[in-house]
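One chain, chain A, links the two complexes that follow: it is found with chain B in the first and with chain C in the second.
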Partner chain A sequence: MKQPFLKLIMVGLSLSCLCAAEEFKIPAMDRMAARAKETVDVTLDQSMLQLASGFLSKDDPDEAKVKKLVAKLKGIYVRSFEFSKEGEYSASDVEAFRAQLKQPGWSRIVGVKSVNGENTEIYVLKSGDQLGGLVVLAIEPKEFTFVHIDGPINPEDLSELSGHMGIPEIVKPKAKAEKKEE
Partner chain B sequence: MRRLALLLVLPCLLRAGEFDWMTREFARQSGTQPLHIPFFGLARFVIGVAHPAGAHDLRLAVFEHANVGGEQFSRMADSTVGQDWKPIVRVRDSSGEVSNIYVQPGGKRVRVLIATRDQNEVVFVEVSIKPSELMKFVDDQRRNHHA
Partner chain C sequence: MTPFEEDLKKALARVEPPDGFTERLAARIGALPARKRRPVYWRWAAAAAAAAVLFSGVSYEHERQARGEAAKEKLLLAMRITSSKLQQAQHQIEEVESH
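Right after this comes the complex of A and B.
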């Protein structure tokens, strides 16, 4: 009698682990998608990352670095929304994303504000001594991009991944104010 | 000998059958028929023999006057391709243009299915590629470009 109960617990635990590894579910995404001129949705889970890394060349030094990085990751999820004019998404929409990142384990490490309204925020998930994930919010007047990298990654590796696997090119904006938080 | 030939041909027939089934299912759901593309069989034969850019097979279905909206198309494409295909990229714009990219790994080759809708035209393209050969092709092109 005990065994089926134990099995049920095991299944429940493994399912909860799977759910935790899944991408964020943020209702604001649907609201933004409905108003956006263009939406891009990239979903690469672990199996797809392994597959996609097969497309990367070992001979090219840049691609070889990305290949090595990707081997450790569990998933890359990108949601990008482009709007035809400014003000089509609200501060509360962005706040809905930030609210998800206030969960235990997550902390904001970088916040960049530029004079032309292009803001970038980087959040990391601490998992023991390592970083278990990373989220980038790129907030622009007519564009909003959410990137979730699930798995062990360092923020400095982000530049290696930029422009690959659906992650937009990360160009350092001319920052007016940069603050680093723990 | 006949059995061996059948074993070699059967996987190709099954794959072709899946794409045909998808296009028939889309035709049924949308009420439109795919266009006949002249000499497409010849193009497939060339791809099957020469493997340009690591491509081993190409399937194409074009539907004109498909009266389906962007959201409806996305739903229909998802239900038509089934769960064996993993959606990796979805692009949608406010004019109703939709592009979905699905992938299905199969040994050393990868099958990529692109379903697009632009105004009233719907296109399904399936290509079977070998990633290593594709990368070699890209690298060669890059080298030639720099030379």
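Right after this comes the complex of A and C.
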């Protein structure tokens, strides 16, 4: 009688472990880090986000926006490598990483390839009607950046932060057109 | 004087102590064990323990503050990078659309 219950607990535990280990891995990360001129490695799990959020002021409107944005998030992971010359990482390194984004639920919503080799890909994890996660891959000749926002996120909320606290301002096409008219 | 008052007077009359009372009393007091005084090092130990508790509390709070500030800086850095890469994607899309 107890066995099905135990199995259920085991399945639950293994599922919770899978969720906890949601962070993507960059297979060639150590090699890329060794060759990089600059490396940014940000790992903020839920407890760190809560800690960071506690140090954001409610009275400061900008910080309050970030506080609200991260309130429901489970984690933020950023890896960025800047190289002094081209060819420090291969297409297969990127492909090995990209393969992880082929798991169920994830879909690519943006894929831009530019002539100067600056490619950007945006992936989202659909969770019901809302987004359950966001991955941004910026693949450039001398730079590789990966951002994973784990948890419900609205990209528009991110754009609201632009232009504040050192976050670059995102100029919307309409605003751009208006500026041109001026 | 009433009988009651007479009884009271008798009861409260001065009575000299028996011979040798003072000596016996002094001897008994001398035979009592001396009152133990708490050693001085206990006070130092208590003060040191209180100082240690205070110090660990202050250093824990200091460490928490430092960790929180570092986490906040990391969060803002992550937001900057994410926002900048989203902006880059937007510019690239605009460039593609304009061609």
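We take it that the second predicted complex is superposed on the first by the 135 of 182 C-alpha atoms of A that agree within 3 Å, B and C clash if a C-alpha of one lies under 4 Å from a C-alpha of the other, contacts with A are read in each partner's own complex, and residues count from 1 in each chain.
Quick note on the criterion: a residue touches a chain if its C-beta (ideal position, glycine included) is under 8 Å from a C-beta of that chain, and two chains touch if they have at least 3 such contacts.
This one's a predicted model, so the numbers in the text were calculated from it and none came from an experiment.
J.: For A:Val66 in the superposed arrangement: first (chain B), second (chain C), both or neither?
T.: second
J.: Thinking of the overlay built on chain A, is A:Val42 touched by chain B (first), by chain C (second), by both, or by neither?
T.: both
J.: Just to be sure I read the superposition right, which of the two partners does A:Ala33 touch: chain B = first, chain C = second, or both, or neither?
T.: In the superposed model, A:Ala33 contacts chain B only, not chain C.
J.: Which holds for A:Glu95: it touches chain B only (first), chain C only (second), both, or neither?
T.: neither
J.: By the touch definition at the top of the document, which applies to A:Gly54: first (chain B), second (chain C), both, or neither?
T.: Both partners, chain B and chain C.
J.: Quick one: chain B or chain C, who's touching more of chain A?
T.: If we count touched residues of chain A for both partners, the winner is C.
J.: Mind working out whether A:Glu86 is in touch with chain B, chain C, both or neither, as first, second, both or neither?
T.: A:Glu86 contacts neither chain B nor chain C.
J.: Would you tell me the residues on chain A in contact with chain B in one complex that are also in contact with chain C in the other?
T.: 40, 42, 44, 48, 51-52, 54-56, 166
J.: Help me check something: in the complex, which residues belonging to chain A touch chain C?
T.: My answer: residues 40, 42, 44, 48-49, 51-56, 66, 70, 76, 78, 80, 110, 112, 114, 118, 120, 122, 136, 138, 145, 147, 149, 155, 158-159, 161-162, 165-170, 173, 176.
J.: Which chain A residues qualify as touching chain B in the complex?
T.: 33, 36-45, 47-48, 51-52, 54-57, 59-60, 84, 166
J.: How about chain C: which of its residues touch chain A in the complex?
T.: Within the complex, chain C touches chain A at residues 67-69, 71-72, 74-90, 92-96.
J.: Enumerate the contact residues on chain B facing chain A in the complex.
T.: Against chain A, chain B makes touches at 86-94, 103, 105, 110, 131-132, 134-135, 138-139.
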